[in-house]
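The structure under discussion appears below in the form of structure tokens.
Naming follows writing order (A, B, C and D), and every chain is counted from residue 1.
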């Protein structure tokens, strides 16, 4: 049985490694293995897994990467994640990646897929679109075809067929992964001092850089270890953080928020592994199952259209209630149109529901934490002193 | 643009626009229904089938930008919690509501009866109408147009759009308007569209002549006006383009350049440019002047393709009414992937014999801007012609820095000039 | 003789270069632009003409056998003494201006006290000025404002304390007056000043007056005719010249770098508020360029803020940063926040030199992005602008160029700050001669 | 209710502010105040010295103080009992200085903060300016120095303006150049200062609106509160905005953070004592 410190050392190592040595080693181990990178927010990882590939989460360069060439491709008023992603590419850090998936998030990631095609013509690059029409017969039909296209693309890449049974097996593993993650989240919401978000977050990020089987084991081990260890409970308030679904904040920011007196009990960081909120059925046609789960049981986030006005923000309000958060910090990357355009609408809904909220912006390489501490700290003060 | 000298086509257009604003603002008297919808991927012919008047928030934002009121509207929106970082078209629109929602004709805008969210090429449209929907609480019809990520459309995409048209959009519009859908009416309008489209394409292609009888950017935004807004499919737009063609032909015959806002023909054309990206509206004339003062004419632009890429051969096809609408939506400029955009721009630089590609990068608009530096590099590489990059915004006056833009433009033109003279003998 | 002049009106400094018709460089002059632009242009031009005289002296003296081998030291003496004469003259002006400015409600009842203190401070300033102009003395800056200013603060504080006056009163009267003085171009009569300097220098014994005075006087007699002036730089639109005398700073920098290093293909210029990456062809013609956008993060002024925050001269930052062997990563390069970042880091217990090294690296990282945007770095590479004087910045640049572009010849000229003006002067020659 | 002594220490980016209070229930008596400009010194050492100074002034010893509350950049202050964040303390301090306060604008050297409070000093909402230093106190200070104007003269000069000149740049650095341009165009110092004040005022008005302040008194705290020109410009901007807000300053505005800390310290102390008793 490992301690949280041991688990964290493994995950931290993966999380910080901008050379992706682990994924490289995975690929080198068996000739012919392929690695497929993906960007936030959602792609069906089970499909990549079923193809025998390693899905590798590429979530920007964080605050340790010096961006030189990436800036040459983006104006100052565009968020950071595409430029650090380009930096990773240009500096050869992704030279072992055989395919790249650019999901439907926003115009920035969308256009990045085109840049990738031009810059790395030898990499299989796919823009992966998810429907914004949630009717099974309309959006569903379209999505099944898109999934089929993705399947064929992967088959082309690996030179082997993906059978329905391959897919079902992978879906099962990922159902397990999602279930365990839901458990970790519930555990943290119950006893946030035992599972600080600065740890949970790193475990989630690391999980997107390893095989799902290993991650499942780590999740189990972590919950065991964390429940056993004696960690002091502090006089902190409970907050949920939303708006951080794409470009990720620096780990220091998460730590600063915790230091300023907040327990983070819910978040939308690296959403991909919680995007589907229920198990994907493993009987019947797996593509239809994936499509149907996406249409009917996926999170609300800024990159998905909400068909009914009255449903906007409902997901957030419900998550706040479920996790027992006392307030919401809506923390968005600077220049993130999806999150920032959503912000007033979500804010209205939270206000209507009587949930206190604040917002601020960050960049993946933010260095100055003082304003963050001050804003989060004041929020904590105010929840502590007056509620 | 009050004191500008106007040609007949411009007066025609002005009249069309004001009649449309009249139709919108008088909806309570006339009982007509009003839809809000966007330029790229707009389904004007379809709306006409339901006698619905078309109100385009982007056009309102442009009007407000040119009338120099957008700055205040944007501030108003920011005061209500909108971020400084996001698209200013959206904020100018939301802010206008906050300030009484007055149309350019001075009358209040009525609330729309339906938001037709036929979004293509830009993600922000979706958020924009979610925001409007929150205000107006009116029916919202979403038409999701997939992005051409691989540089072409697929049957799946087309089927998806047609299905949405059949099962979501048309029934929705029938319900809002109480008018039954008549596909033959649609065919007739589409026929009108195709005819007008021929005219527009002819005009834009005259940029190949030297001196160019048109300015395909500053002038171009007028030429595309009727086609991109509420008039595609109407007989008036056919008349407009016939008039425009006559004017252009007259200039060709007399070897004249386009008419500048000062009213003089711009004949002394030293530099020919292809421009990528939308213009700035708040300082539109000042911006244009920076070009013609230096002798730069724009011979082709991408902005004039956001509402449809007709020059690549697409025409609305009355024989396949719904399919043609789908193809139209899929093919708008910003719905094409970056490699395709590079192909198009490089082709323009070559076919229009331009001195280079100038990019006006818009702070607001990720759809256009994210990736433009890569576009510039690629086009430079392919054509061997130098590119230049300036930055401004659509309707936020805070982001128009005349000195900065002028500095870059002058340097760019002097550079082209120096290069032309070969050895450094230039002075 | 015909003189061709290029003036580069930068955001922080204004530079002038004088050339003869064969594009031979005659003189350079610099002043800070923190004053009215006409004045800045006039002052820098005057400085360049002074330098031109020195060149002419050199030419004259080189023909005099008696001084062979001593020309350098004679000229250096002459210049030091000339500068000293000029300095004292400006100091007098400053003192009179200060006295005039001791008025208004804040000074009521304290006039005499302040005046006495001022007299004392200026006495000390005059005394210390000798040391400033000693042979081999290292001056913090070339500008009167900086030289007089730092000593004024240094002497002022104890004087004020002893006199029981708030130091702020003195600072304020200084701040007010220095602008006025700066906005008055130093009185003309260059010849007279040179003659006085010559006297002073020969008074000191090591100059053989007879053999030197005549060639110097002869050189002073040569009329300097301003044949053509070209203006460039940030403030060029405000220059008092017609449009055809004005060139884009990009072109001037490209051409200037080409004049210095004909094999240059890539030029980086880091100025006060902009950073430019320029590609030039073998003729010095600009092929491509990029500059920072509407945010001045990470430009030269950034270092100015840091220097202020640390109470140091700009010249001293580089050497201190060089002492570091560990770099602290700094991500935010907002020029104005530089000070805050510094404080933040100091509070975290980082060492000053390490933070400084980090700040220098972040400036250069930004410059590297602009270079990358302008098409990368080709052989040879020339670094120009004020920041090229900073050794720590140069060290980081060399490292990063090597890492990203391999072995590239890197040219850095001690006079690189004049690159734009040099290009301007070259354009001036071409306008007339070709 | 027992009478206790509490201290509030506010470490800012420009100065350290220290206060001492005697608190008895809702009754608070101000015993001492100290400001020290940091000027490249170690702020923690400075805080320590200031604190000593203040104690001496009030005739007290360290042991007499029940709760030392820090605020500002002072989370790591060794001798503090607890830390409150700036906006919590500025809100409370502002209510102490003027009980009619409903919104607080705290404008320091680098950041601006708008805070909406209720009558008890409870923070209802707040917002900080962004990471870009445009329109900050530091910027104004630089310009003033360049113009040769002392900080306490800025206000009155600005109010003498007859034709304020707009500052167009968003960037504080480029704006400085703008200003230098203005000087060379012969624009007078009052018109330049007023122009800067106006552009700051617009931003501040926006900040206030964004936290939902629509009526009542706005108390300015922090270093720039004493700048009467800014207060005047802000009031003009508020009138133009047609909001029912009036901005005022207070001679002790600069202490608002420290006062708030001291008073929340007392509140917290009482709560803790009660908890201990209950236990």
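In the analysis below, contacts are C-beta pairs under 8 Å (C-beta built on N, C-alpha and C of every residue); 3 or more make two chains touch, one makes a residue touch a chain.
Just so it is clear, the structure is predicted and the values come from calculations on it, not from any experiment.
A.B. asks: Work out which chains are contact partners of both subunit A and subunit C.
C.D. replies: The shared contacts of subunit A and subunit C, listed by label, come to B, D.
A.B. asks: Would you mind telling me which chain pair, B-C or B-D, is linked by more contacting C-beta pairs?
C.D. replies: Of B-C and B-D, more C-beta pairs in contact link B-C.
A.B. asks: Please work out the Cα centroid separation of subunit B and subunit D, and write it as a whole number of Å.
C.D. replies: 48
A.B. asks: At what distance in angstrom does the C-alpha mean of subunit D lie from that of subunit C?
C.D. replies: Roughly 39 Å, centre to centre.
A.B. asks: Two-or-more-chain contact residues of subunit D, please, as numbers and ranges.
C.D. replies: In subunit D, residues 73, 130-131, 169-170 touch at least two other chains, as defined above.
A.B. asks: Give the residues of subunit B that touch two or more other chains, as numbers and ranges in rising order.
C.D. replies: Where subunit B meets two or more other chains at a single residue, that happens at 80-81, 373, 391, 399, 401.
A.B. asks: Give me the residue numbers in subunit A that touch at least two other chains, ranges are fine.
C.D. replies: In subunit A, the residues touching two or more other chains are 72-73, 75, 361, 366, 368, 370.
A.B. asks: Taking touching chains as linked, do they make an open path (line), a single closed cycle (ring), a hub with spokes (star), an all-linked set (complete), or other?
C.D. replies: Graph shape here is complete: every pair of chains touches.
A.B. asks: Under the definition above, what is the set of subunit D residues touching subunit A in their complex?
C.D. replies: 73, 75, 83-88, 111, 122-123, 125-126, 128, 130-131, 264, 267
A.B. asks: In the complex of these two chains, what residues of subunit B are touching subunit A?
C.D. replies: Going by the criterion above, the answer is residues 80-83, 85-87, 90, 122-124, 126-128, 130-131, 133-134, 137, 140, 142, 144, 146-147, 149-150, 154, 156-157, 159-160, 163-164, 167-168, 337-339, 341-342, 361, 363, 366-367, 369-374, 378, 391.
A.B. asks: Would you mind writing out the residues of subunit C in touch with subunit B in their complex?
C.D. replies: Contact set of subunit C toward subunit B: 237, 247-251, 255, 258, 283-291, 293-294, 373, 375, 427, 430-431, 434.
A.B. asks: Could you pull out which subunit B residues touch subunit D in their complex?
C.D. replies: Residues 75, 78-81, 84, 398-399, 401 of subunit B touch subunit D in their complex.
A.B. asks: Which of the residues in subunit A come into contact with subunit C in the complex?
C.D. replies: For this pair, the touching residues of subunit A are 63-64, 66-73, 75-76, 365-368, 370.
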